[in-house]
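What follows is a set of structures for review.
You will see chain A twice below: alongside chain B first, and alongside chain C after that.
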Partner chain A sequence: MAKMKEWWLAHRPTTRRLVQLYAALLQNAHLRGFVDGEIYKGKAKSVCVPGLNCYSCPAAVGACPLGSLQNAIAAQAERPAFYVVGTLLLFGLALGRVICGWLCPLGLIQELLHKVPTPKVRKNRFTRILSWLKYVILAVFVLIIPFWYSLQRYPVPAFCKYICPAGTLEGAVGLLSNEANADLFGMLGILFTRKFIILALILTACVFVYRAFCRFLCPLGAIYGLFARVALLGVRVDRLSCTGCGACVRSCPMDIMRVGDHECIHCGKCIDVCPEKAIELKAGRLTLKGPQIALTKRGENP
Partner chain B sequence: MKRLAWILALAVLAAALVVFNLPEPATQASAEVTDSDAADPAAGAVVEEPSAEEASVSGDAADDVPGTTSSDGDTETNGSATDHADPSLYASDAPVGSEVGDQLPDFTLQTLDGEDFVLSAHRGKVVVLNFWATWCTPCVNELPHFDRLQAEHPEDVAVLAVHSDFTTADVPAYVEDLPYGIAFALDASGDVGRMVGGTTSLPRTLVLNARGEIIYNQPGSVTYEVLEELVTLAQSPADD
Partner chain C sequence: MNSRRILTFALTVLTVVMCAALCAAVLVQYHGGLRAREAAGSQLIPLFTPEAVGQKLLWIAPLFGCWLVLALIAGLTVGAPKSIRIPVQCTEHFIAALRARLTQIPADADREASRRRRVMLAAGAVIAVCAGWSGIWLLDRRNFPAWQETPLETVMERLPVNLLPALCAAFAVLFIAAELCHRSRRRETDILLAAVREQRPGRVSLPMKGVDEDERLWLMRGALLVLAVALIIDGITNGGLHDVFVKATNICTECIGLG
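Moving on, here comes the complex of A and B:
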C-alpha cells in the first residue's frame, strides 16, 4: 500500500498537466464527431479557441485561431479581419504564451511524446537560432501568402494547406479514420502526402526534441510570444530578489534567454528551481503559483 | 477555494460534453416530406415524395416506358419538348434515395434568374447537378466544364449548379460576374444538399438519367471528358 502511495506521489499529474488535459477535452468536446465521422457545425464553431486545434477535427467545438487568421487575411479584400485579430489580441494580452504551456492540445501531445524513453536532444545555440524559424513561417505562410493571393480573391491559407500537423492529425486522420468518410480517400493527392510526411517528421522529432513544433515551427506561438512582456498572466521573476545565477534558464526546456521572454511558455518549471524563490506565476499582482518544494542542493530539485 | 474552482471547472466540462454531443436535428433525406404550402419557394427547396399518382402511373406505364425496350436508345436522346412535358413516359419504380440506382425525390429550387427549376419537369433529359460554393476553389475551377457540357447538349441535358447553404459571399453578385450560361440556384435551406447525401465535401456531382434515377453521385472534381462519358452512360439503354 505504501509503495502504491509512493508511486502515486512520484507520478501524479501536475496541476498544469491536469489543466492541459482539461483544456484539450473542452476544446474537443464534440466527441460524437469521431463516431459520426462529421465535424461540429454549430454556432460555437465561429468562436476561436486559444490553442492550436484544427477546425476540421471531428471533435473540435471552436475554430483554430491560426486557420481563422489565414482565412480572414485571405478574405481581407471583402472585409477587414477585425474579429480574428481582435480575438488574438484578447488572448495575447490576457494569457500570452500561457496558452502554449497550459491550454494548447498540440503542446500536450508533444509533451506526451517526449515522455517516450529515448535519448533526448538538449537545447543549445543551434536550437535557439532555429527558434526564430517560426517567425519566418508566420510571416510567409500565415501573413504574406494569404494576403498576396487575397488580392486576386483566391483563398490560400498557406500554413493550413502546406504545413500544419494539427490539421493532418486531427482533421485528415481524424476524419479518414471513420468509414463514413471513405469517399474522401479518393481526394487525397500530393498535398496530403507531403503534409503526412511533415506530420511524421514532426511527431518523430518531438520524441527526441522537447516541443519541437512549438519551438521551431508554430506560428501561433510566434504570435503569442509577441505579447510576452504585456500579458496579464505569466511567470515573472522578482528582479529585486534575483541574483542572476541562471539556474532558471538552465532548467528551462525552452530556448529562453530570460524567464518570461518570447520563448517562455510559462510552464513554471523554473519556479521551484530558483534558490532565491524569486519566480512566481502571476496574474497581474495576484500570485497563482509560488515556489513550494524545498531545495536539497542549490538550484536542483529533490 | 482551489477545490471550488476545480468543481466549477468540471461542471463546465460536463456541461460542454453534454451540449456539444446533442444529436443534430434529424435529416433523413429520403423520408423527408415537407408541406409544400409551408415552404417558400423563393427561400429554398420544396422536397416532395413522388406522389401516389406518379407511383401508380409507373406501375401501369411500365410497358410503355421507352427505356425498358432495348431498341429505344434513340427516343431518349431525341427528347423533344412534348416528351419532357409528359413525366409518365419516364416514370421509374426505383426506390427513392441518394444512392446510385435510386431515384432522387422531386424538388424545386428558384434559379438566380428568377425561374423555378423543378426536377421532375426535366424527366426525359439527363439531369446534371453540381453542388459548389464560392469559397471552394476546385468547385469554381470546374464550373466551365459544366457550362461547356450544357452548351454542347442544349436539348437533352439539363445542368443545374446548386450553391451550398454555407455561404460566405453574395452568391447572386458572384454568379453575375461569371460568364457561364448554366442555371444557378442557391440551396438556402440546405434541404437539397442533405437529400443528395450531404455537402460536407464539395464539389459534389450527380447525374440522373431520363427517368430521374441516379447513375452517378460522388464528391470530387470532374473534367469535361468525365461529364461527357457520364452523359453517354446516362443515355445508354437501360437493362432492366
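Moving on, here comes the complex of A and C:
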C-alpha cells in the first residue's frame, strides 16, 4: 500500500496535465463522430478554438484557427479576414502562448510522446536558432501562398495541405479509421503519403525532442508568441527579487532566453525551481500559481 | 541505464525503421506506378484501398502494438528524465548586469563585446541578403502563375528548389554566428566575473533593473482588446463567421491531405 502511494505521488498528473486533458476533450467533445465516421456540423463549428485542432477531426466541435486563417486569407478578395484575425488577436491578448502549454491538444500528444523513456536530445543553442523556422513557415505557408492564390480566387491552405500533422492525425487518420469512409481510400495518393511521412517524422522527433513541432514548426505558436509582452495570462518574474542565476532558463525544456519571452509556453515548471521564489503564474495582477515552498516557509516564519 | 528503458528505446528505433521502410515502399510503388502509367497510358492503380492498407499494416501493427504497450508500461514505471541541463548560462542581460556592477570595465571585456558586434553585423548582412532574395522571389507574382496554366504541384515543387538554398545558408550563418558569440560571451563573462570578485569578494548576486508592468502596457492591452472586439463584430456582420462555419462543417479533403 505504501509503495502504491509512493508510486501515485510520483506519477499523479499535475494540474496542467489535467487542464490539458480537459481542454483536449472539450475541443473534441463530439466523440460519437469516431463511431459514425462523420464530423460535427453544429453551430459551435463557427467558433475558432484556441489550440491547433483540425476541424475535419470527427470529434472536433470548433474550427481550427490556423485553417480558418488560411481560408479567410484565401477568401480575402470577397471579404477581409476580420473575424479570424480578431479571434486570434483576442486569444493572443488574453492567453498568449499559455494556449500552447495548457490548451493545445497537439501539445498534449507531443508531451505524452516525450514521456517514452528513450535518450533525449537536450535543448541547446542550435535548437534555439531552429526555433525561428516556425516564423518562416508562418510567412510562407500561412500568409504568402494563400494570399497569392487568393488573387486568382483559388483557395490554397498551403500549411494544412502540405505540412499540418494535426490534419493528418486527427482528420485523415480519424476519418479513414472508420469503415463508413472506405470510399475515401480511393482519393489517397502521393499527397497523403508525403503528409503521412511528415507526421511520422514529427511524432518520432517528439519522442526524442521535447515538443519538436511546437518549437520548430508550429505557425500558431509563432502567432501567439508575438503577444508575449502583452498577453494577460502568463508567468511573470519579480525583477526586484530575481538575481539572474538562470535556474529558470536551465530547467525550462523550451528554447527560452528568459522566462516569459516568445518561446515560453508558461507551463510553470520554473515556478518551483526559482531559488528566490520570484516567479508566479499571473492573470494581470491576480496570482494564479505561486511558489508553494515559499508559502510554507512564509507560514512557518512569518 | 534501466533495462526497460533500453528495451523501449530499441523497440522505438525498430518501429521507426519499419515505418520508414513502409513509407519508402509506398513511394517506390507510387513512382513505379507513375512510370507504368506513362508507358502504357493507363489509369494508375490506386495505392491505398482498405485491403492494400490492411496488407501493409499487417506486419507493422503487432510491432506497433508491442511498442505502445511497452512505452506505456515504461512511461508509468520508469518515467522520463526530469532535468534538462544546458552547460553555461551567460546571456546578454547577465553580462549587462555584471557590467552594471563594475565601476571600470576591463579592456578585454570591451574587446569581446566589439568582436561580438562585428560577428553579428556580418551575420546580419548575410541573413539580410538571404531574406531579401527569398522575399523578392516570394513577392514576385510571376512565381505563382495561374493554376489553370501551371499546376499547383509544379509551383510547390519549385518552391523549395528556390528557397531552400537561401534558407539553409541563413540558418548556417546563424548557427556559426551563435556559436562564435556564445564563446565570446563565455570569455567576457569570465573576465567580468573575475573583475567583480576582485572588487567585491563573495557570492555574486545581481539584482536586475525593476521593469514593472506600467500603465502603458495596460493601455496597449485595452486598445488591442477594443480592436479585437471590433474586428470580430465586423467579421460576424460581413459574413466571416458564416465562412468559417461552412468550411468547418464540410470535410476539406485537401486540408487533411487526402487529395
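As a working rule, the second predicted complex is superposed on the first by the 292 of 302 C-alpha atoms of A that agree within 3 Å, B and C clash if a C-alpha of one lies under 4 Å from a C-alpha of the other, contacts with A are read in each partner's own complex, and residues count from 1 in each chain.
Criterion: a residue touches a chain if its C-beta (ideal position, glycine included) is under 8 Å from a C-beta of that chain, and two chains touch if they have at least 3 such contacts.
Here the structure is a predicted model, which means the values were calculated and not measured.
Novice: Using the superposition on chain A, tell me whether chain B and chain C clash or fit.
Specialist: Aligned on chain A, chain C fits beside chain B.
Novice: Would you check which partner chain A:Lys45 touches, where first means chain B only, second means chain C only, and both and neither mean what they say?
Specialist: A:Lys45 sits against chain C, while chain B stays out of touch.
Novice: Can A:Tyr154 be said to touch chain B (first), chain C (second), both, or neither?
Specialist: both
Novice: Examine A:Leu31 and indicate which partner it touches, taking first as chain B and second as chain C; both and neither are also allowed.
Specialist: Touch status of A:Leu31: first partner only.
Novice: Determine, for the superposed model, which of the two partners chain B and chain C contacts more residues of chain A.
Specialist: Comparing touch counts on chain A for chain B and chain C gives C.
Novice: Would you sort A:Leu9 into first (chain B), second (chain C), both or neither based on which partner it touches?
Specialist: Neither partner.
Novice: Applying the touch criterion given at the start, work out whether A:Ala72 contacts chain B, chain C, both or neither, answering first, second, both or neither.
Specialist: second
Novice: Of the partners chain B and chain C, which touch A:Leu184 in the superposed model: first, second, both, neither?
Specialist: After superposing on A, A:Leu184 lies in contact with both chain B and chain C.
Novice: Would you sort A:Met1 into first (chain B), second (chain C), both or neither based on which partner it touches?
Specialist: A:Met1 sits against neither chain B nor chain C.
Novice: According to the stated criteria, A:Ile145 is in contact with first (chain B), second (chain C), both, or neither; which is it?
Specialist: second
Novice: After superposition on the shared chain, which partner residues are touched by A:Tyr22: those of chain B (first), chain C (second), both, or neither?
Specialist: first
Novice: In the superposition described above, what is the shortest C-alpha distance between chain B and chain C in Å? Please give a whole number.
Specialist: Chain B and chain C, overlaid via chain A, are at closest 6 Å apart by C-alpha.
Novice: For chain A, give the residues common to its interface with chain B and its interface with chain C.
Specialist: The overlap between the chain B and chain C interfaces on chain A comprises residues 39-41, 75, 154, 184, 186-187.
Novice: Mind pulling up the chain A residues that touch chain C in the complex?
Specialist: 10-11, 39-41, 43, 45-48, 54-56, 60, 62-64, 67-68, 71-72, 75, 79-87, 89-90, 93, 114-120, 122-126, 128-130, 132-133, 136, 139-140, 144-145, 148-149, 151-152, 154, 156-158, 160-162, 164, 167-168, 171-172, 175-176, 179, 182, 184-197, 200, 204, 207, 210, 229-230, 232, 236, 239-246, 249-253, 257-258, 285
Novice: Can you list the chain A residues touching chain B in their complex?
Specialist: Against chain B, chain A makes touches at 22, 25-26, 29-32, 38-42, 44, 61, 75, 78, 154-155, 183-184, 186-187.
Novice: Which residues, counting only chain C, touch chain A once they are in their complex?
Specialist: Against chain A, chain C makes touches at 2, 4-5, 8-9, 12, 16, 19-20, 23, 26-27, 30, 46-50, 53, 71, 74-76, 78-81, 83-86, 89, 91, 93-94, 97, 138-139, 141, 144, 146-147, 152, 156, 159, 163, 167, 171, 174-175, 178-179, 182, 205-213, 217, 220-221, 224-225, 227-236, 238-245, 247-249, 251-259.
Novice: Any idea which chain B residues touch chain A in the complex?
Specialist: Counting only chain B, the residues touching chain A are 9, 12-13, 16-17, 19-21, 24, 135, 137, 168-169, 200-201, 218-220.
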